[in-house]
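Below you will find the structure I want to go over with you.
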Amino acid sequence: MSRIDGRTPEQLRPVTIERGWSKHAEGSVLISFGDTKVFCTASVTEGVPRWRKGSGEGWVTAEYSMLPRSTNTRGDRESVRGKIGGRTHEISRLIGRSLRAVIDYKALGENTIVLDCDVLQADGGTRTAAITGAYVALADAVSWAQKRKLVKHGRQPLTGTVSAVSVGIVDGTPLLDLCYEEDVRAETDMNVVCTGDGRFVEVQGTAEATPFDRKELNALLDLATGGCTELAAIQREVLAAVLTD
Amino acid sequence: MSRIDGRTPEQLRPVTIERGWSKHAEGSVLISFGDTKVFCTASVTEGVPRWRKGSGEGWVTAEYSMLPRSTNTRGDRESVRGKIGGRTHEISRLIGRSLRAVIDYKALGENTIVLDCDVLQADGGTRTAAITGAYVALADAVSWAQKRKLVKHGRQPLTGTVSAVSVGIVDGTPLLDLCYEEDVRAETDMNVVCTGDGRFVEVQGTAEATPFDRKELNALLDLATGGCTELAAIQREVLAAVLTD
Amino acid sequence: MSRIDGRTPEQLRPVTIERGWSKHAEGSVLISFGDTKVFCTASVTEGVPRWRKGSGEGWVTAEYSMLPRSTNTRGDRESVRGKIGGRTHEISRLIGRSLRAVIDYKALGENTIVLDCDVLQADGGTRTAAITGAYVALADAVSWAQKRKLVKHGRQPLTGTVSAVSVGIVDGTPLLDLCYEEDVRAETDMNVVCTGDGRFVEVQGTAEATPFDRKELNALLDLATGGCTELAAIQREVLAAVLTD
Amino acid sequence: MSRIDGRTPEQLRPVTIERGWSKHAEGSVLISFGDTKVFCTASVTEGVPRWRKGSGEGWVTAEYSMLPRSTNTRGDRESVRGKIGGRTHEISRLIGRSLRAVIDYKALGENTIVLDCDVLQADGGTRTAAITGAYVALADAVSWAQKRKLVKHGRQPLTGTVSAVSVGIVDGTPLLDLCYEEDVRAETDMNVVCTGDGRFVEVQGTAEATPFDRKELNALLDLATGGCTELAAIQREVLAAVLTD
Amino acid sequence: MSRIDGRTPEQLRPVTIERGWSKHAEGSVLISFGDTKVFCTASVTEGVPRWRKGSGEGWVTAEYSMLPRSTNTRGDRESVRGKIGGRTHEISRLIGRSLRAVIDYKALGENTIVLDCDVLQADGGTRTAAITGAYVALADAVSWAQKRKLVKHGRQPLTGTVSAVSVGIVDGTPLLDLCYEEDVRAETDMNVVCTGDGRFVEVQGTAEATPFDRKELNALLDLATGGCTELAAIQREVLAAVLTD
Amino acid sequence: MSRIDGRTPEQLRPVTIERGWSKHAEGSVLISFGDTKVFCTASVTEGVPRWRKGSGEGWVTAEYSMLPRSTNTRGDRESVRGKIGGRTHEISRLIGRSLRAVIDYKALGENTIVLDCDVLQADGGTRTAAITGAYVALADAVSWAQKRKLVKHGRQPLTGTVSAVSVGIVDGTPLLDLCYEEDVRAETDMNVVCTGDGRFVEVQGTAEATPFDRKELNALLDLATGGCTELAAIQREVLAAVLTD
């Protein structure tokens, strides 16, 4: 079976990650998964939220948002509506949890890193692109904090790498990294977040049309694990380059 | 290993489902999973949201909320704070999706059913109890609509049953149906929603402390499938009784 | 004249008060006035709001809310609408004032007690049931605080008891404790809050259809005083039983 | 006993009512009860709220607000805080109910009149001044609507007059029309709304410090009835003058 | 050309400024530019916002609002809508900036003055009347603070006077101080804020219908400068009178 | 005098305008004025807001926003705070007015174009870059609508071009196109919006530190007119290139 954009079922869309996209942020990345483009910045501030003060531990959190015309038809701004929608909340929380899974709070010390993931253009998989890009921005922000001695010597706040990909069953076939058109038609839709060593951080599978059985679930998990491994390799390669401030 | 409350790892807490708990709602249930108590009502209204008008199809949606003192320390009311938190949004959306998975929109016709799940007392697993109880309230509401001829003859809007349970890894052991104390200590936490025939509607696994591998994931899925099968049997039994208006 | 539900004009609906309905709250009660059911919890916290700090005096406040399907047709959640309606505000304030009328702030010390009154099922008189039930929850919370030595020895923070009832004129006849159908048809509607010794804490009378004269007002006050006396006896009786944590 | 401002217990503060204070509004009044000054406008619009369309009946509603520096220390604007407080809600509702008590909806036809009562300077009794002034603005607005034939010929939408006054017990003495200093010290505080023929529209009594008995209640009602009779006379006299547009 | 109200193009409407209009505020003014009436109060509080603490410098800010029926048709209250509109925000900011232009923060010391400008009746030029009136209220508030030694001896917090006026091109003719009817028909509309010595604090010109050229801009600036000079003279004269508390 | 970044006083920063930056929007541009980068999209929808229906005329409006980390320190999201700040409101309104100045509503017909201007990186002059970029996106959106026959044949909805630039006085010297560091130090700050033929659409000058006189104002207007002429030339050049969908 050939996919809408000519990919094989187990093929990712072209992935690009540009570091240093902002002159202000401590870490910043423009990531694209095909036509999905997400701008991720990591902002470091000394200190932690009130409920964590005096613990000696840091904090990492995330906010996700879509620009109004990142989609095919313009959506209202959440700032204008005066409230954040459920989907936005859900994805922001997912990104935050995913990145915290590879953070050693003690090593980070009482510093806070906020990841902002703003979708400039959406074509499916915005949350998985956001997690994958945010990890790179986070890694740059941690390096920045280490250079400025905000983070204590001799202990690495990052305990691993993290990336994410969507998988789904379309017309009975399990596919990796769904674009928007595939996502709309998927019977089952799953987002998987993995560490670089292939373990799971989040598994979120939803039967959109018909419930799925264990065999289908296994096929999807196999695809996702493979995709995350590829993404981890891309992250490593991108981070190998020295970033000049 | 013996659990905090003396259960074996694969044992559910005592489950009770009282139907007809409200004289106003078309379906209503007080469900308890141990000390977790959720009040679920199903409200039927003719007509559908604007974006669905003229489609000939119905709609099912859900709202979840916790009473301020359902927890150990009092939480602020979301109505007083003026906005709904991310967790509430996320769970409301999960309940809605889970129930829509067993609804035939065409058979429901242009009617809307809203499930309200209000947690009276929380001790872990509020979202899974809510889904399991809301299904029973939904079934009663559908019967009500059929008796009043709101729903066309000869076609069943419910395509199956749905129930949910939490599972998690505590001190290295996979456990079924976590109570609050276990939930807080879990390394990995998963909520699984299944149809009565054992297929998956939602799988949401989160590594709270350390990422989990495929083997652990499989152990959790096995436990959850067993738990949902038991819950489906309880639902069937409860619904077998005739409810007198 | 016989009433809709067969009562005499000066007869209360059946009243039940179940204490200890929550395992978390310091005081908790499920109260019913006929088909009206209100869940009242009392939450004790050390400390007082900022404007009262250092005064040596405590504070008592209340929040009232109706579950969306506590009524005949489902109402929107105030948390979803993002603001609290005028009626909710008004009743929350009434409950708070009523309970503060029997509190000795000095004896309570710098502790705060919040009464949450959530209407599970409404059939008229929700605010009067809430006040009557909240008093019992408050009394249990005060006992709890005394046992834990939060409240200083030798001085009782409760200076009396408080209960409330509605009265109204329907088809020219003054009636006690209106159910919803009577309330809708009432020409005049009054809520009266009394202490156990028969004095008034609040008197709120409203001409719904036609203004009322002094004679009608007196008839309503007579009925209400009688009703509150009966409710005070029920409260005393219920509180006489020892509550085992 | 002599009062703070030299009045006898049963004496009103000086009352002034200036009609025609706005060139835009269909009715407008600047009323003062001593140092309390409230600006009341009545705005007529054809049509009624959606829930009343096609009924052939009109609607009257009110909004009360205090300017930020109408009080001794500046209060935050409710528009800036983004929500209306409970007290504001409560008073707006009271004013609306009070005026609706003298409106014949059928005679008004499908027209809406909104009363805006903005407190320019507060010194106790703002709600009672607002009701008393709003009645005069309402009467002018009704005349305006009659002249423009918005209201059908031969039937008077106003079925009577309405005025309001506060009473309270200060140092054991019942007093009429409390100024702010008296209000703060009152053991019991009551707002009474009467029609011009001496019947009650609203009676709202609150024990601020100690519960009150029937005898005290009767003394307060006597005072209030007298005060409202005086206010009704002032309203009649003011309205007797022809207002030139 | 004769204007709607008979003025010449370079003529202001009658201006009145009444000081001491509130018994509570430290400075208060009722200003009218023809039928435009704005009530301005200045509230002094010791201390400054958090971001300015410890700087030794004071702060001045402003809030502008229109009463719902200050205009020809009633507008919704911003408190009821739950948010402040863009126009209100914009004008509040303009008033604040205009008054801060004549404040020496060091001389004011760590005190805050809030100017509230509430439009009682609108007929064009509400923001310019507000600035002109607020200056007088501010001057009185500063005197008040000096008398009470809140402001240190020997240094004047006010570095000059400030006033404002609108100008516009109507049917090709530049006009001073537009009333509402002229404002609606203006091709170009400009608000100019000047110090008493004729320099500019703000110049805000907007082409409503057709862009304007440099010559037109110059003609408008000439008119505005003349108008502000006249207003400064009125302010001086009004402030020359002693205000008795 | 040499400027921070080596420019002469009358020199613009490097300006780049990339068209077609979004695959979804009908017009889209990434514009940079030096390090200030704004992403502008133009969204066309058939129909107009309710208040304009049946007029045969179109509507153009704009929304401006800054990404949280577009600035040197991270700002809160307005969607999270639940309200839009005054500055955002003010700039959105300015952009909308500026673009409407070159729109023939009749020629546009009953279509709406929304311009979204999201600041990706801020270094002074974000509002002027937004207006200049939004014009190009608007021009592309109008062409798109013409090709699809949404806009009637034979009449051009755009009556001219529009661009904007900031000017200010820094250390006594008038400068064109201030970067952030200059903006912070400016005594006077002005934003000027011009049509391509050199006339003014908006002139907004503010004395930040000291009031400015007529001579200074003239110098700033001369600089701004020159800057806008240059920007108009760049716009023309960029639009000359054919954009392939």
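To keep things simple, chains are lettered A, B, C, D, E and F as they appear, and every chain counts its residues starting from 1.
Following the convention adopted for this analysis, a residue touches a chain if its C-beta (ideal position, glycine included) is under 8 Å from a C-beta of that chain, and two chains touch if they have at least 3 such contacts.
Quantities reported herein were computed from a predicted structural model and do not represent experimental measurements.
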When you check each chain against chain B and chain D, which touch both of them? C
At the chain C/chain D interface, shared numbers over all numbers used: above half (same) or below half (different)? same
When centres are defined as mean Cα positions, the distance from chain A to chain C in whole Å is 51
State, to the nearest whole Å, the distance from the C-alpha centre of chain D to the C-alpha centre of chain E. 33
Can you pull out the residues of chain C that are in contact with at least two other chains? 82-84
What residues on chain A touch chain B, complex-wise? 83-87, 89-90, 92-93, 97, 101, 160, 190, 194-195, 198-207, 211-214, 217, 221, 225
The answer for chain E against chain D in the complex is residues 22-25, 28, 35, 39, 41, 43, 45, 63, 65, 67-74, 77-80, 82-84, 88, 114, 116, 118, 120-123
